């Protein structure tokens, strides 16, 4: 960790609401495509986005809410695709919050592959000081 | 864009909940009054705040919620007034998110005047690096 | 104020939802334990966390929501304890938002001791410019 370049943007996702998960991934994947270093840290209810099966549930809820608001989803990127783009991008890292996993009794196996499990101290050691922008979704 | 001074604060509003829209505008207009350069970017449900008629709906919902919590609104600035202050301030810009407008089938005409429609890449090109503070509401 | 060192992290809590209050306090107390200077500013519904009796209500609501989601709380730090840690930490300050207190008709006495009441301008004067990271929960 110490030898790595710091991230440009570090995003904390702590809600499973669509207005947290979608804008976070759209901003993150866009930033990554523009050459920025991005890290995402999933905590609290937000962890659901990287639990197996969770993204589809979030997407379903989003489409229901859209229709309840009288809108018809049109050309919205699939959440699964956004997550795949993120996972396959260079200079992109996804972390799961260890405290949430313990406190909510989530098994480590239920997290999608390739997401190291770390705590708040690890996040802050990397991003608390210096130039990284921390965004809370 | 390239010749402009960077913003001090760039605010993303992605929810139409009162605890997103009101604090965002109060912080933004206060910062602007103190001489800071401010940009606001409305995306996802937050776009409602700059759709014609949207601010009044948000305000109505806020007052209902206040009363449900046993509080009586008192001396709260009108949301319309906060938006007017923002629009009439120098060094203040309001943007609407192009992706949301397409995905939710919102017509460009329904956005209040003077709010250019741009995408996440444009936002990140201006604020992703450098000293601008990005705040997510 | 002018002679003080600037904070490393300034956190605005504007919601009383558990996914706002808990992650904010966990991040803040962890940062403080790591030697960072932390300030928290409670506004809008978030003020409830520092109103006497409010933390217990938030905790009760959180446990109910956990069970409704089919999870059993396990080893979760007590919110009261997190708040006590924050209040007893050096280089840690908690502020209550004056605008919210007036607008929602909250009496100054109902705020827990040791939390000065200030406005958005005071917050921005300290953190709007310079290197402090502003996080919105």
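Read from first to last, the chains carry the letters A, B and C; within each, the first residue is number 1.
By definition in this document, contacts are C-beta pairs under 8 Å (C-beta built on N, C-alpha and C of every residue); 3 or more make two chains touch, one makes a residue touch a chain.
Treat the numbers as computed from the prediction; the structure is a model and nothing was measured.
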Among line, ring, star, complete and other, which best matches the way these chains touch?
complete
Cα superposition of chain A onto its copy chain B, rotation angle rounded to the nearest 5 degrees, comes out at 120
Can we say the copies chain A and chain C touch using the same residue numbers, with more than half in common, or are the two sides different?
different
Determine the centre-to-centre distance between chain A and chain C, using the mean Cα coordinates as centres, and give it in whole Å.
23
Junction residues of chain C, two or more chains touched
133, 136
Over in the complex, which chain B residues touch chain C? Could you list them?
8-9, 18-20, 22-23, 26-27, 30-31, 33-34, 36, 66, 71-76, 133, 135-137
Enumerate the contact residues on chain A facing chain C in the complex.
12, 14-15, 43-46, 99, 102-105, 119-121, 123-125, 128-129, 133-134, 136
